[in-house]
Amino acid sequence: MSALEVVVWGENRHEQIDQYVRDIYPEGMHEAIAGGVRHHLGAGANVTTATLEQPEHGLTEERLAATDVLTWWGHKAHGEVSDEVVDRVQRHVLDGMGLLVLHSGHFSKIFKRLMGTSCTLNWRATGDEELVWTVESSHPIAEGIPHPLRIPAQEMYGERFDIPAPDELVFISSFSGGEVFRSGCTFRRGRGKIFYFSPGDQHFPVYRNDDVLKVIANGVRWAAGERTGVAPVNTRIDSRGDWGL
Amino acid sequence: MSALEVVVWGENRHEQIDQYVRDIYPEGMHEAIAGGVRHHLGAGANVTTATLEQPEHGLTEERLAATDVLTWWGHKAHGEVSDEVVDRVQRHVLDGMGLLVLHSGHFSKIFKRLMGTSCTLNWRATGDEELVWTVESSHPIAEGIPHPLRIPAQEMYGERFDIPAPDELVFISSFSGGEVFRSGCTFRRGRGKIFYFSPGDQHFPVYRNDDVLKVIANGVRWAAGERTGVAPVNTRIDSRGDWGL
Amino acid sequence: MSALEVVVWGENRHEQIDQYVRDIYPEGMHEAIAGGVRHHLGAGANVTTATLEQPEHGLTEERLAATDVLTWWGHKAHGEVSDEVVDRVQRHVLDGMGLLVLHSGHFSKIFKRLMGTSCTLNWRATGDEELVWTVESSHPIAEGIPHPLRIPAQEMYGERFDIPAPDELVFISSFSGGEVFRSGCTFRRGRGKIFYFSPGDQHFPVYRNDDVLKVIANGVRWAAGERTGVAPVNTRIDSRGDWGL
Amino acid sequence: MSALEVVVWGENRHEQIDQYVRDIYPEGMHEAIAGGVRHHLGAGANVTTATLEQPEHGLTEERLAATDVLTWWGHKAHGEVSDEVVDRVQRHVLDGMGLLVLHSGHFSKIFKRLMGTSCTLNWRATGDEELVWTVESSHPIAEGIPHPLRIPAQEMYGERFDIPAPDELVFISSFSGGEVFRSGCTFRRGRGKIFYFSPGDQHFPVYRNDDVLKVIANGVRWAAGERTGVAPVNTRIDSRGDWGL
């Protein structure tokens, strides 16, 4: 199998304007994530990055057509993502491109578009310990992940998380404050596989945690599917047997 | 329990311009559907109708706020439904209003919005016999419905139907041509319950079939939930115990 | 609608031999549970109890045939439940009798029979605080339940809980120790609806908590279905149309 | 990756006593299935067979411990399979061994054990044409399979099929008589992945159909998981942090 083409998309805004974040991620969060995927997938993946400030946010039709899996982190500039690019990403997901949505990406246009719900949740940014428990222990995304995976300080995300019931619930997290969250969820939409994973934040060095990076790398491998290059359309079948579908 | 407030929405376009359709449904398809729901739910429902040509398509904020269940039939004028009304209907569904999407409503803006997928399918309008088989025999929507329910002539809708995996698969149909279709599917989105039911068309008198009308009435009763009047928002929890949620 | 016939089954063993338990539940845990269901459902339910030491464990064919919903609590004597009664309860569930399985009932013969898995979990009986969070906020079982429901002292049950993925995940709990558990799960098996609810223990007065009792009462109401009195069998269909099913 | 260890289990009874079946499958149905898996997986699988008449039905503890995926075909002698072997197979599935259940295996002890339901269905053995439609077009089990897959003559299996709602519905079939059937279903139980596939019968040469064999080979590849060799048990966690799970 040839190497997976992986694009790590980052909003890259906090890193430009907030020294605290820049101290944690001087290279940008997207580069930290990309580095983790490279480390864990090795020659199995060709990992590049794209950011909001690039033309078409770095996500041209040509590039998406050649992408097996896209990962998405955004937070304070969700509203600046153009609807045209959101349409395009959705179309490619429905055609089979894998998508990982990370942490505050829960409120991105593309995630809300694919879920159809508000994607709201409860939160508190005071550095709770997060424990990530595996619910589907044989799922490939959980392979080699400690039970629980411990994140010493992290933003709390709590239920109710307004998403459709996931196709598979892989992880559930608890926080020091006693809250719980469905932190690892899979969804199939069209031909595309989607994995939402909540750990990760701009104010805590979560993307320095090797277990977190391993989950993301596992998710990338899991989400990769076969691309058809053909968006689904309503098709008239003229007669029985005319099923060249 | 007080009567359910039910709004039957119809595009009401074919009936205006196509004599063939008018001969089948001189009162309009929406009135045929509304009559069936009234017949089967009796005093349990207060059923009114709304149509595309009305101001705000008959779906003002005030009216939706007072609606327990909305049913939706559209076909040739999906594009004329205003985005503002689609936003509004989505918001009310997420807040707990039930929604039934009927037949060609599969390609409506509101259904695509709530599903996040293309909602495409295969079709042939040559009058196949449709047999609707019950898969979840204890589901309240299937109560009292023959197995199979027979529709002598109907438009064929065939797989693959590009929807998320439904939360519950209630009915599967077959057609004379040998095709199959997931014809009765439930989805929970936010606090709202959604039922998609494919039988029903402008060119065949399907909404004269009492079993079809009974399924729709069962669906209305099933979809009715408690309204909160509070759209979900991201909420900051300041400290443990501050959970007045 | 006539009153639901509800049978609350209790192992009633700890109460006979353990003074500590008897002090909490002098009338027996089954009577505490039955009282809660009576309180919350009022005239809507006719609630009786049955226990292990009775002939046929109080669950004769005649009684089960007249039962709408059975609740099950057992712990130290799972092995003493006769296989014949387990067969009988399973048959009635598949025919439409509702079943609530409570706490340590996770390891009962009937629950393992209906799940097909080991139903194992992790546990610690040192009095953690349990917080029960609602995941499906519009589910009828969650109606009127605080978010979170707080149980000051309770046995910890932790993931991984070896069950099939539930049809609906209604509640997730966290514990003082940081563990999480899918504490409210629904399953449809045959025509029967099953609700597993983990709060409840012999050493903590959990069945004195009115919110816990309300969840159980909600569960009873949800699980009640229509009984057919006809167990499913393989049926030969001689020809098309011979579907008197 | 080393080759998958695959065991194709066959009841091998019709082939011994029914000349009609022997004419179709002179080598036995299990050998026809094994040959198809070998053909499609090549060096990726080491495929052997086992049959009912062998000691322990050919399924010793040692052999199952070394098996990645087991396929199961049985029909007239389900009752002769020893409960001890059924217990053993169930334990290995829960520990991660993949299982394919084929056609009339729907009524085997092991399938009923893992499902918890009656697994009944409707049937007619008069040679209907079966069309197998793909519902999840991106599922690896459907890879390279025509839509529809046509089987000229086959036993009809019709709904309602009394199984738990599958985790994934991959295929739905229609028959000449107009019936429908959920013909390709996946289930996760414990750490094990299960695929039920209904095409295949002793009286029709279905296991000579290369597309059918390809589905089975795809299913074998999909069901293979990592084995732990550790059956799940209830585990007491003495204190927070004592999670060597």
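Here the chain labels run A, B, C and D in written order, and each chain numbers its own residues starting at 1.
We adopt the following convention: contacts are C-beta pairs under 8 Å (C-beta built on N, C-alpha and C of every residue); 3 or more make two chains touch, one makes a residue touch a chain.
All of these numbers come straight from a predicted model, not from anything done at the bench.
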Between A-D and A-C, the pair joined by more C-beta contacts: A-C
Identity of the chain that, by mean CA position, is farthest from chain A: C
Centroid distance [mean C-alpha coordinates] between chain D and chain A, Å: 34
Distance between the centres, which are taken as Cα means, of chain C and chain A, whole angstrom: 37
Multi-partner residues of chain D (at least 2 other chains): 136-137, 147-148, 158, 160, 165, 167-168, 178-179, 188, 190, 245
Complex contacts: residues of chain D adjacent to chain A: 96, 136-138, 143, 147-148, 167-168, 188, 190-193, 225-226, 243, 245
Residues of chain D that touch chain C when the two form their complex: 90, 94, 107, 113-118, 120-124, 126, 156, 158, 160, 162, 164-165, 167, 177-179, 187-190, 231-240, 245
Residues of chain C defined as touching chain A within the complex: 129, 131, 133-137, 147-148, 158-161, 165, 168-169, 172-176, 178-180, 182
